[in-house]
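By written order: A, B, C and D. Residues from 1 in each chain.
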Amino acid sequence: MTAVKDSVHDYISLDPVAAELVDTPEFQRLRHIKQLSTVRLVYPSASHTRFEHSLGVYHLASQAVSHLDIDGDRAAHVRAAALLHDIGHGPYGHQTEDLIRRRTGRDHDEIAHLLDGTRLGEILESHGLSPSRVAAIVAGEGPVGQLVSGELDVDRMDYLVRDAHHTGVPYGTIDHGRLVRELRYRDDKLVLSEGNLQTAESLLLARALMNGTVYRHHVSRIAGAMLERASERLLEDGVSIDEFVRMADHDLLVALGEHVPELGRRIESRELYKRAVWAPLDAVPTDVVELGYESSRAVEREIADIVGVPPEVVIVDSPARPRIKESRSRIVVDGVVRRLEDASELVGALRATERTQWRLGVYAPEAIRDDVAAAAVDVLDVPIRVTTPP
Amino acid sequence: MTAVKDSVHDYISLDPVAAELVDTPEFQRLRHIKQLSTVRLVYPSASHTRFEHSLGVYHLASQAVSHLDIDGDRAAHVRAAALLHDIGHGPYGHQTEDLIRRRTGRDHDEIAHLLDGTRLGEILESHGLSPSRVAAIVAGEGPVGQLVSGELDVDRMDYLVRDAHHTGVPYGTIDHGRLVRELRYRDDKLVLSEGNLQTAESLLLARALMNGTVYRHHVSRIAGAMLERASERLLEDGVSIDEFVRMADHDLLVALGEHVPELGRRIESRELYKRAVWAPLDAVPTDVVELGYESSRAVEREIADIVGVPPEVVIVDSPARPRIKESRSRIVVDGVVRRLEDASELVGALRATERTQWRLGVYAPEAIRDDVAAAAVDVLDVPIRVTTPP
Amino acid sequence: MTAVKDSVHDYISLDPVAAELVDTPEFQRLRHIKQLSTVRLVYPSASHTRFEHSLGVYHLASQAVSHLDIDGDRAAHVRAAALLHDIGHGPYGHQTEDLIRRRTGRDHDEIAHLLDGTRLGEILESHGLSPSRVAAIVAGEGPVGQLVSGELDVDRMDYLVRDAHHTGVPYGTIDHGRLVRELRYRDDKLVLSEGNLQTAESLLLARALMNGTVYRHHVSRIAGAMLERASERLLEDGVSIDEFVRMADHDLLVALGEHVPELGRRIESRELYKRAVWAPLDAVPTDVVELGYESSRAVEREIADIVGVPPEVVIVDSPARPRIKESRSRIVVDGVVRRLEDASELVGALRATERTQWRLGVYAPEAIRDDVAAAAVDVLDVPIRVTTPP
Amino acid sequence: MTAVKDSVHDYISLDPVAAELVDTPEFQRLRHIKQLSTVRLVYPSASHTRFEHSLGVYHLASQAVSHLDIDGDRAAHVRAAALLHDIGHGPYGHQTEDLIRRRTGRDHDEIAHLLDGTRLGEILESHGLSPSRVAAIVAGEGPVGQLVSGELDVDRMDYLVRDAHHTGVPYGTIDHGRLVRELRYRDDKLVLSEGNLQTAESLLLARALMNGTVYRHHVSRIAGAMLERASERLLEDGVSIDEFVRMADHDLLVALGEHVPELGRRIESRELYKRAVWAPLDAVPTDVVELGYESSRAVEREIADIVGVPPEVVIVDSPARPRIKESRSRIVVDGVVRRLEDASELVGALRATERTQWRLGVYAPEAIRDDVAAAAVDVLDVPIRVTTPP
């Protein structure tokens, strides 16, 4: 059996289907999409890719189906889905997901069109697997779909430990061995067995700590917002969305350098915009918290007008209110299946913590930061409040 | 400079005072006191000792004083105190601490008498250090005392990562590098600098998860309770408390084999009592929750009488209500020093979680467990409720 | 299935036979025998035991038989043998092995008598396993015996990585995942498959580097020699060899304190003898290199006489000439099975290196070291030559 | 002080000069040059970059100068040189080094022109540092130059442990803590202090094992040879060498896709050529072993002619004879400074091993591999001999 050496799980054995799928250009493309996109501007060692992450998810899925006594055809579909779960990502992964959704209506976990009449689909069918069933599992459908995309999926188990290994931030170092071993099905729902309330909480806590320290670090958010804005302008400049979604990180970086040179250069050389406003939830009017894409752009233009600069040098970044998907995971407590949020005191507190960590950001080049801050305070009716050194 | 290779911190450089202190029988004794006493009956790799832990605390204290720009005489006292902070432990560390306190009135961090007129004291004085000042720091007194014994002390930073390394349970893997770097003094109080709310929370969470999974694992609690009871009988059998406090783990294990052979054999061979009762806080009458030492013994006798067995085969284990010392740690938020419990939503939830994890235990040999359970339910007015497989 | 958390291999699943064997006093005794005996006087974190090592060897054996498609009855015998392979060790493991062999004629891997009519034997038989077949595998007999005791056995794979983890010395960190995966049988001989010459060499090199840095560190050798001499005197003082072989580390340490107090105290407090002579192979007459047990004792007496001290304060330590068992391991090169020593240029060089590292030691208390050195030079006709700071 | 979190060395503190240098586009470019170029086609997790490696070398250099009591101006120059030592690399690092040398006459460690009149040079001068002195240290000149580029330099200490961490192959996990602590100067030569023969050997062995398993893995060699050939054609297609040397990995990958689409696509999607010939040193005529660049190209054309294919689909890859630079490192043995090759039996054996591992490769697309093999055997007078599965 083919085996791949991985820095996190050591040897990963590939079944024949997986070995063939890995050798396609569609899967090899994942070598060129970094797992944490702009996070590596903060944590330089975090240059790992969706390629090895996908192998890791495949590995944990193999272990999980084995522990759950799922085998044969059903297990084969789960393994294939685990391997392919990220092939729907555009360049820079999550960082361009909203943009792609706005233009195509598709999320990254909708991959049916990528398996229909393609080499990947052919390989699946040649091994007796159904492409549409694989796509359904990737979308989280059915009992086994929860293994790949759900509150207790192996996707998050892999990325937490992998991101910890590569950033050096230990918070993501969960006990994935225990999590995988303690999975059970109850009435077709995936649950953690008795005695694992704390195991479930640890998964939630790891995510929450990694969110604050890694995934939502303000430097990564600024770079990500710049990248998204630059990508919008790339599409306005004539690059088609079909071409865009097939790009890998390096294609996008080079394309930005050609079509949006100033932003492209800044992203490549980490000459990032600075925070003009960085305001917590309780200081921001509700309508600003819920600014959609179009309104954010309008506000940017308004601020830019006041300052007298082109609109593209002002970025308003109002992230979605935080959700904690893991809080809906199921555990067995005293013999009864319960939602974690009902069984754990921590979930409510973590929700409050996530709200506390939420920040509205307004970013601009350093030279005009103060002017942008002044204008933004007027337009958005928010305080500046950047307490940590910018 | 002498250096010691450590599995957690790599090389630990010893200053001349430390090098001399390490070479005394009093300090070498710590090689023979395991850090986690009975925990290794659950996690077999956890056989690390207070010797290497003490070196680790010394190492982190050296780094902390350097980052805090404390030097000279003051730094030397902190380093010596960090090194010696555990020499007051009896055999099996925390497991015999209550017993020793009842007999001597002393806690393990009262070490003045061990430095007064002893070789350790001589060494300190020969280097111009004050034994009493070292003892005061070990007791947590004064601004620098907080570094060695306080809510943000380097003691807990070392034991969390060390216990994680040796048990294999990852929850204790905190970012001690960051914690040490972000320590500051504000009005003589040790605080974490701005932007470290989550860093402080991570310390608290690591402790909470390690508590439930490792430190208070029921198997370790049963063995610990058996050990404490056996030690009481050892003292009743003629071993003096002065002799007892100087024992190391191996001395106690052999002495138990001689004086209390049945319990000694059971502890050594891990033939442990089983849980007859394992009841949560809300199911236990308040007076039972607060059973002191004497009352617990009386209840044991009562239960034993009903069952018709000698009192020593019944153990009632009603632990102190949980406290979370770390929740009082101080952090700077928006320029103001705040207690973590006031700044973090998590503290309240963790307190609730700790209460949820609290269990009253009644333990007995497997053969009489059911009878003891029935009697205990009567005597203590509690349900049996052992939900996880015993 | 029962699972044990291990700091090296994460979760180790125990089959029903193993779960029962582990729960015997004979196996639990291994919790009290440290893997590296006196090495922890140099590397303080190295307090791991033969208990977790035995679980680790069991774990790797389980993986190996699975990769080799050995199953059923045969696999069950291999797994049981792997688990029990160290139960024949006396206190302090290898450190008392020579002494026990001189008195009983038995090596630590002869365990038939420990399975014959004992609880361990009963458990094996109750699961349809043959105690004598298990004992034969432990002794390295037959094709599968090589898996447990041979040039490519899983015993050394486990101890190298485990000792690296616990000492902090990285040299033992081999790629055990690859070694286990690449095992094959050719004509009933265990070999490494094509393309693994370097994998085989890496095993050899890890051993050689760990030998010099860890296993044969002079401080550990001195303490080990003191322990062996003290144990001899313990037996002369009335402790029977039957009692001795059943001791665990703590029993021996306490017994030495009672019967041989001066040496016992020194070992416990690490007040070790110092090197009076430390001479390389080319400086030592052949008859001294090959000094047997009796002659070494005679020489010690002679030296002590000259100095005018009792014989027990002089220790002559002339270790066996080094052998490198791993150099006989088999690999497939260009389709042909070859011995590593025939296929690798490194083996000869390592043999030379091992000879270079060999040292004759004469040890004595610091106060009389110089006198002992002078006398030893006369008696043994060797130079002193202690070049590294003693 | 600015600190960067690193997955290998934890926090790396940057002095003010370093903090400024890091923020230049020239240094940020290193984020886009992978440390191991084509190796990640074999070990997918190996996507770390020269950016974090450079920070790591800076970190070890800081430690080394501190242990060596080098301070002030001299230490500042060493630290700056360590940080900048890799800025002279072209895209894909070592993989394009020969090509760049042929066109510019410059090696990657000649960086004087990159510091002369540039922003990097300005920063150095503004802190009172001499750009030419920094460049000289990078080139290995003078006593401190050996720290950055020499047999015992911190460059190799960092890359060995970093490559091990990211590939998952443990062989590179050296004891860099010890190596850095044991550096000394003797007559202006950098040496390892007494008692470190084995420490020096371990460095050599780590390199040798990583060479065979990682750095010279045949898949990486094939991809590297394809990349070099494709880069040659890029330059022939009009891209200037000045433009080329400033490229980062992503620039080159996109440029290949445009200018050399077939090879570019193959490299990006890992559709690599296969080995038609893979012959050891003793089977290859001396003149073929020493084929230079021009002759290799001529031979390729000759083979291609015979097969009837265009010359670019045949690659002859005859690597330089192996040298082991580390074998010239100096150690103190019995008080005398010696070259490792004179003091260690292993060096000679490793040289022989390196010769044994040498392979002549001839690569071609799978469809024509057999024809190319037949033609190559004629032209080069070598056997095919591909023993491991291609």
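Here, contacts are C-beta pairs under 8 Å (C-beta built on N, C-alpha and C of every residue); 3 or more make two chains touch, one makes a residue touch a chain.
Everything numeric in this text was worked out from a predicted model, so none of it was measured.
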Legend entry - B-D or A-B - the one linked by more C-beta pairs in contact: A-B
Legend entry - Label of the chain whose CA centroid is most distant from the centroid of chain C: A
Inset, instruction - Report the inter-chain centroid distance for chain B and chain D in whole angstrom, where each centroid is the mean of the CA atoms. - result: 50
Legend entry - Chain centre separation (chain A, chain B; CA means) in Å: 40
Inset, instruction - Would you mind listing the residues of chain B that make contact with two or more other chains? - result: 10, 169
Inset, instruction - Note which residues of chain C are touching chain B in the complex, please. - result: 4-8, 10, 23-25, 28-29, 31-32, 34, 40-41, 43-49, 51-52, 55, 165-169, 248-251, 253-254, 265, 268-271
Legend entry - Residue ranges of chain C in contact with chain A within the complex: 3, 10-11, 177-178, 181
Legend entry - Residues of chain D defined as touching chain C within the complex: 169-171, 173-175, 194-195, 198, 201-202, 205, 209, 212-213, 334-335, 344-346, 348-350, 352-353, 356-357, 387-388
